[in-house]
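Note that chain A is present in both complexes that follow, paired respectively with chain B and with chain C.
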Partner chain A sequence: MHKAKIREILSDCGKLSVDVAQLEDDSDLYQVGLTSLTTVNLMLAIEDQFDIEFPDAVLSRATFQSISALNEVVEDLVD
Partner chain B sequence: MSVKRTAFWSQTAAGPLFTWLHLPAHAAAPTCGGKLGIVICNPVGHEYTHAHRSLRHLADALAAAGYPTLRFDYLGTGDSDDHMLAPRRIEVWLENIQAQVDWLKSNTAVTAVALVGLRLGATLAALSAGRQTVDYLVLWNPCVKGKRYVREMTSLAKMAAAALSYEQNFIETAGFLLSTETLERLKSIDLTNDVPTGNEKVLIVNPDHVSTDDSYANCLRQQNIAVDVVQGPGYLDMLAEPQDTKVPHAAIGAIVDWLARQGPAGDRADTPSTTRLTLGDRHSFRARAPATQRLQAPRAVRESLVIAGQQRQMFGILTQPERQSAAPCGPLVVLSNSGSVHHVGPNRLYVELSRALAEAGLDCFRYDLSNLGDSCCETSVEENHPYPAGAVANLATVLEHLQTELGYREFILAGLCSGSHLSFHAGLSLPDHPIVESVLINPLTFYWEEGMSLEIPSAYQVNKDAKYYEYAVKSLGNWVRLLKGKVDIAYIVKFTLKLFAQRVREGGKNMLERLAILPPSQLGRDLLRFKQAGRNISFIFSRSDPGHKILVSEAKLIARKMANRDDLSLYFIDDADHTFSKREKRDQLTDRLIRHLRHYAFQHPQPAKQQL
Partner chain C sequence: MDATASRDFADILKIVDTIGAGVISDTAADVDTQARFPSESFEALKSHRLLSAYVPREFGGDELSISQLCKICEMLGRYCASTAMIYAMHQIQVACIVHHARNADFFRDYLVSLCEHQYLLASATTELGIGGDLRSSLCALEPEGDNFALKKQAPVISYALDADAVMVTCRSHPEAARSDQVQVLVNTGDSEFEPLSGWDTLGFRGTCSSGYTLTASGGSHQVLPQPFADILSKTMHPVSHLVWGSLWLGLATDAVNRARASVRNAYRKNPDSPAISSIRLSEVDEQLYSMRSGLYVFIREYEDLLRDNNEDQFSNFGFSIRTNNVKLRCSEMVVDIVGRALSIVGISGYRNDSKNSLSRHIRDAYGAALMVNNDRIRQHNATMQVAIKES
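On to the complex of A and B.
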């Protein structure tokens, strides 16, 4: 489970309109201000933090739609 | 302490570069000022647009500290000539930097030069230092490995695109093009293998939101290059959406202080308190209109720099067709700022639009309101606000200058987003100015009030959401998520009720207006005022943008009547987003505008309009 770390990174890079602590794991991040620009910042910060690289196949909005969705992908890549 | 900014076209072998020279105002001539001069190396693409405000502040701060400072646009970017898909971009940009260093040394008293670059600009600065004598390098979050930068840009393109065409020879990242040739050249860049060989002193400014990678600094140290590393707070805020940017004053201060500690300081003074805009000798050049599907071999146009207003505080660029006489011919299209983006426009739209309109025979003027872009000074009120209180007065000042100094007799006001808001209100509240038409492109509101969101108005968010659900319902993946219980059904039910209530409300209002039980809305009355003033009003909407819904919701009956009588024109661009971030959509917008407006230049019949 990497949700806590993802939340921390999201708080630093996501530039969301709400406090990350108020978000549910399934909350739609694009509804609270995540944009394509901030998605890329988020992606790079997660890659640096977990020492992973998102493959092209998962580079879509669905991957970054929610903390849960991100966690699923990160877990797959870390393992 | 005042700063003087002088705009000019810097003529280089590759083409003219749009350039600002920032000097301490007490420097009577460019040959005065410090012995150390600065060349600022811009980032590229959306980072260029977003960082424009902060880099202008940086240039002012450096000039106030006594350093003659050049800020310029590489070829194919900003106001400079050419386009991003031209060949050899990286080599040309390195030549551009070298040419600006040469200019600074030839035209001022500087004997030492510092390159200050941000992101890809920092990368170019570092590469440039290996090719010429540079004394200091300030590298603000440089892209050390080109491969990583390319990956970042391609990821961004993938995130933003509904579908990527792999047949095209370029990618589009947040509205900017990178050719496959440029991408390949970028991939080959690795600053750790391309370390400057001179006696440069280097400052690396790291962003504060990610963990620091010291590998490049260590690599430089191994080559006995003196390197200082600092954290530059406020990096993400500097590169936020233009209306949300915050100037990273602490990081700017750290850069100025570091340069001051290196030795050859200029005539140092206080922080800038006033700014004066002037024009250099070379303020006119022949530009190339953009090649589009319509225009494979466009004719040249002429661009001239203009400073307007009694206080000389409003900067703009006039684009005209190449013709024997510089005298005005037909009405002038005046483009007002879109949001807080400077006069280049989002995705460089205003530059391309100006040159294409001029190529089609229409004179065009793009400018910055006094609180935005290159007009903005230290004393500006409401800096960076996209809907400033003085906007109409600003525009009136510009129109008066264009009328009295340049001889224009008629104006067509146009703009995207807040630029359309201004074109609408100026059309209503400047009865004595010779305005013949207002062209509104994707307005987000017709009556902006302090405190309103700068995003899509919440009342119309429901329309945007409806569009999203129309799209989402066609996705098999979304149905699978629904069956797996991963979709918030309560939210969808609540949304459907909200949409239903809004439709009922709108229908009822229209019915009451039709029966003359309700008076026309403010928007309806204002549309009629255009007709009464004998001024045309036109709308161009991206099909999914909320502007059309706002028009229909607030003034359907009057807008329809006016459209039926040719008092109002309405056009749609399918599949375009709010700022036309796809090249194909920008071309369609340009083509639509030309077809709509060219009758002013050549008395062509107006094209068929679309139904409300």
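On to the complex of A and C.
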């Protein structure tokens, strides 16, 4: 479970229009202001924090759509 | 069912070539000069049921593949780039319905009617106050019972006044986020178009891409049943760049063929002299080969993904980058190729009144990189390039 850490990173670099604490795990991040640029910054920060690399196959909108989706990918990569 | 359902692609191409060399070529100069809708071309395309070429046979269309559709756009591009562009833009909208709405009752019926009446579809995506970002809308569907009202300030609705319907992007309801978008089909008969800007341009003058404030109404069944984000990534984005790339390829091919005719003529007149122009011809043909190759590779990739129905892949960064690369390369190569062809043809290509004129070609070619601005596309690619690990 890495959701707390992901929320922290999201809060630092997501530049969202709402407070991350108000988001559900399944909230659509693109609807609260995630852009292609902030997606990339978010990915780089997550890669640094968890010492992982997102493979190209998971680099799609669906991966960054919600905290749950990100958590799922991070869990796969950390293990 | 009917006879048209069984015609094969070779027959269709033959028809396109015949009307291309006939009425479409004959009217291309006047369409360009007058900056008017190519109505004669579209009467011919409709009479041969070519507006429903991509519609599945079960609805009365030809069920062509994307590569076949691209081939038609390429061929039309040889004769009149404005006609080809309008045809391409129409087919993008048809593909959105076919890929994303064909299971909805209203759209099943609509596809049948489109085949029967050869409806022409336009589109209203960009919006004043947004600045060209297709993934954001200000306007929203205003629900009125089972119906909706919609008002959009669109800086461009190409051939709006000659279309039967317009596919409009908008927010799904008045409280929705800018990115919470749907696409809705509105009949031009149920719409008002208040002019915002005209279309007096260097090239692609026949597309009549004027701006309008569109005021429309309709029933909630006219909303495509999938989110616009999915329609854009799976269909509108790749199909746009493929059909546009194809018609630019046709435009470039015709320019090179005119250069070839000019070199051949020079050889006829003097078998010894024009070695330099034939080398230039060889060089420009290499460029044309590169343009065609890059385009065809991506057409095949897209067709394979469609066949596999691999939904995740359409929003993959690598796929988006490659889609954009096709647009970037084709739109810049067409300028280079037509320019090289012009230098081969020489002054008679520069003249407006010669049969070898490349005036319209070069003016049209310069539009390709500006319509959906290449710098904006490159900026998207630049961002995604940071994320991906391998080309």
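In this text, the second predicted complex is superposed on the first by the 79 of 79 C-alpha atoms of A that agree within 3 Å, B and C clash if a C-alpha of one lies under 4 Å from a C-alpha of the other, contacts with A are read in each partner's own complex, and residues count from 1 in each chain.
Keep this in mind: contacts are C-beta pairs under 8 Å (C-beta built on N, C-alpha and C of every residue); 3 or more make two chains touch, one makes a residue touch a chain.
Not measured: the values here are computed from a predicted model.
Annotation for the three-chain superposition on chain A: chain B and chain C clash.
When both complexes are overlaid on chain A, the residue A:A45 reaches chain B alone and has no touch with chain C.
Of the two partner chains, chain C is the only one that A:V32 touches; chain B does not reach it.
Looking at the shared chain after the overlay, A:L77 reaches neither chain B nor chain C. Contacts of A:A57 after superposition on the shared chain: chain C is touched, whereas chain B is not. Applying the stated contact rule after C-alpha superposition, one finds that A:D12 touches chain B and leaves chain C untouched. Clashing C-alpha atoms with chain B appear in a single stretch of chain C, chosen from 145-153, 253-261 or 343-351: 145-153. In the superposition on chain A, chain A positions 36-37, 39-40, 43-44, 54, 56, 59-62 are in contact with chain B in one complex as well as with chain C in the other.
By the touch criterion given at the top, residues 177, 179-180, 229, 233, 312-313, 315-318, 380, 383-384, 386-390 of chain C touch chain A in their complex. Across the complex, chain A is touched by residues 46, 152, 155-156, 158-160, 174, 209-211, 236, 240-241, 477, 486, 488 of chain B. Partner chain B is touched in their complex by these residues of chain A: 12-13, 15, 26, 35-37, 39-41, 43-45, 48-49, 54, 56, 59-62, 64.
For chain A in complex with chain C, the touching residues are 30-32, 36-37, 39-40, 43-44, 53-57, 59-62.
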